[in-house]
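Order of writing sets the chain letters: A, B and C. Residues in each chain are counted from 1.
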Amino acid sequence: MQDSTLIEVSRLLKRFGPKVVLRGLDFHVRQGEFVALLGPNGAGKTTFLRILASLSAPSAGRVSVAGCDLPRQATAVRQKLGVVSHLPLLYGDLTAEENLRFYGRMYGVDALEKRVGEVLTLVGLTSRRRDLVRTFSRGMQQRLAIGRAILHDPEVLLLDEPHTGLDQDACEMLDEVLMQVAARGRTVVMTSHDLARVEEMASRFDVLSRGRICSSVRRDALPPDGLLAFYRRALAEATPPVEEAL
Amino acid sequence: MRGFLRALGAVVWKDLAAELRSRELLSSMLVFALLVIFIFNFALELDAVARANVTSGVLWVTFVFAGTLGLNRSLAVEKDRGCLDGLLLAPVDRTAIYFGKAIANLVFMLVVAAIVLPVYSILYNVNLFAQGGLLWVIFLGAEGYTAVGTLLAAMAVQARTRDILLPILLFPVVIPVLVAAVKASSGYLQRLPMEEILPWLQLLLAYDVIFTSIAFMVFESVVEE
Amino acid sequence: MKSQPRLLIGLDVVTVLVMAVATYMVFGYAPIERVMGAVQKVFYFHVAAGWVGMLGFLAAVVAGVAYLVSRKPVWDLVGLGAIEIGLTFMLINIITGSIWARPIWNTWWTWDPRLTTATIMELLYAAYLMLRQGIEDPERRARFGAVYAIIGFISVPLTFFSIRIYRTIHPVVIGGGDPTVSGSFSMTPAMGATFAVSLVAFSFLFASLLWHRIRLGQLGARVEQMKLKLTE
């Protein structure tokens, strides 16, 4: 099973009216990979992740997650996905454990109380389980958001800029949780701007530019000058010379 | 089917639990409802004679205005913190989410009615509970109203102009429910014979069925991209 | 740039001709009604405009369903165009009705079921336009428009039916009706012919306007696309 492909995207196209955001994107992820999706603002990272998350339908092309096609078999895919977006997706007027309990019921999690306890321990919020989420700091909310995403033990974890707005400590705590998830053989796809941070974590780096994956490299094949240099080169190659654009 | 009911129950429970804690939605609906009644009192000179004819109208206008407030809030909460995405990410039928929200909204409207009715009874020294049928009419009217209202509020909160949009979208659509509810209520309040009330009750029931099923059918297109 | 299709030019010509014939028949051919006099002539275009209004709203609901099923942007253009035309002609219908009602019913406005329903319908489809205005993403705008067109179209007959249970004073000319209702009359054959031609003329007008509106929308979309290409 080590080599099986879990996410398969080919020739994905996404249009918003006349505007084409993703133009023929190809993307494959094997089970257990930790893919960092890099790219400038407006490259289509969030759009792509929303399509993978089944929240947005592709205009054309094929998307399949764990053998199920999107958007046709969306419900089956949803069961296998955990998603963290830059919004917390939590209810401020419910406590931490009530939020988890609610989402646990939505996902049909077995032995819910036990699982909620486990997840709260994992994200380090056991002591505040009975506090309203409204009173949480941004870092705590983000940790609980991750707890919400892994509650049903999904095969794939999708994260959209999870570090945005977090301070140093919160980032490290977040990374620790993520590494624990990844260490259990779960597949992770994460968009990020923080190259230094993902360089330590991810096993593969994909650069998204102008609606396509323009470069991809495994961590063990990274050039000696590091991720930043690789990223800059990838973008420079992807951006066509000015004459060609006109 | 079990998964459907479980998800539906979870959404209802979540809305009620959050509301029980913050009481934001209910308290604003209630205060607003009472204010409307007081404004009507001065605007219409609600003396005993006038009251007999307009009580049902006043009550329904009150419910409808307060209901708009509640519907907007109930769906805005989902939209603002990305919770709507959270709901949509769950592997459940979209209609379970719709019915969950609609039932929670119906409960909120009925709670408001349960407080407005006795207050109105005390203020005007009438017993609105003397006619049990009126409670049925309020239930049926509120059901039809929240069935369409939940759907349209889900659209309104996704628009740029959302704060002003819901009443404009909702009122012209929901008029048939209102006409039937007002007529049936005033039938009970004026103690008309049952055969004069019954047609309105049947209409109200038919409208409820029509609006609920159409909202049920199109809800997915409102939330799915 | 695509030039106008032949068929559309033909349709335009036919529309202009048949509208001219209808106008002539209304003023030159149809007899003056005995009781009401010349103001009765409003009737021909009044009903025809109402017919186009209903046709527009019906087309919009069909387009709405088609859009939700196929997700083809052209159905959104059809729906929007049909509603814009429907709104305009329903307004013509209400105003001409008002002009007629002033001398016949002695008032500009009564709370008659058809009048009330027609006006609620105007408000409903005005709300449709406002909904669209508040949404940036064209795909979502099309989806919500389709949903609202469907809901609205189901609500309108229910509104009419509810208000109908109150007594109506609006004349029912087609298919008999209560002769005691103020303002009703029986049509002579010449009147009937004029009425039929008016209906046909307005139907052509509707088809032609809708086609032009769809083309306008498509051209607008192409302009948008070209603009985007330039800025990229």
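The rule we apply is simple: a contact is a pair of C-beta atoms (placed from the backbone, for glycine too) under 8 Å apart; a residue touches a chain by one contact, two chains touch by 3 or more.
This structure is a prediction, so every number in the text was calculated from the model and none was measured.
Separation of subunit A from subunit B in touch steps, taking the shortest path, is 1. Averaging Cα coordinates per chain and for the whole protein, the chain whose average falls nearest the overall one is B. Taking the mean of C-alpha positions as each chain's centre, the chain lying farthest from the centre of subunit C is A. Should one ask which of B-C and A-C has more C-beta pairs in contact, the pair is B-C.
Note: centroid distance subunit A to subunit B, computed from Cα atoms, is 39 Å.
Subunit B and subunit C have Cα centroids lying 32 Å from one another. One inter-chain figure worth recording: subunit A and subunit C are separated by 50 Å, centre to centre, where each centre is the mean of the chain's CA atoms. Shared contact sites, meaning residues of subunit B that touch two or more other chains, fall at 225.
Listed for subunit C are residues 139, each touching two or more other chains. Chain contact summary for the complex, subunit B toward subunit A: residues 3, 6-7, 9-11, 13-14, 17-19, 21-22, 24, 77, 81-83, 85-93, 224-225.
By the touch criterion given at the top, residues 148, 151-152, 155-156, 158-162, 165, 168-169, 172-176, 179-180, 199, 203, 207, 210-211, 214-215, 218, 221-222, 225 of subunit B touch subunit C in their complex.
Listing the residues of subunit C that touch subunit B in their complex gives 68, 120-121, 123-124, 127, 130-131, 133-136, 139-140, 143-144, 146-148, 150-152, 154-155, 158-159, 161-163, 165.
The part of subunit C that touches subunit A in the complex is made up of residues 137-139, 221, 224-225, 228, 232. On the side of subunit A, the complex with subunit B involves touching residues 50, 53-57, 75-76, 78-79, 81, 83, 85, 87-94, 98, 102-103, 105-108, 132, 148.
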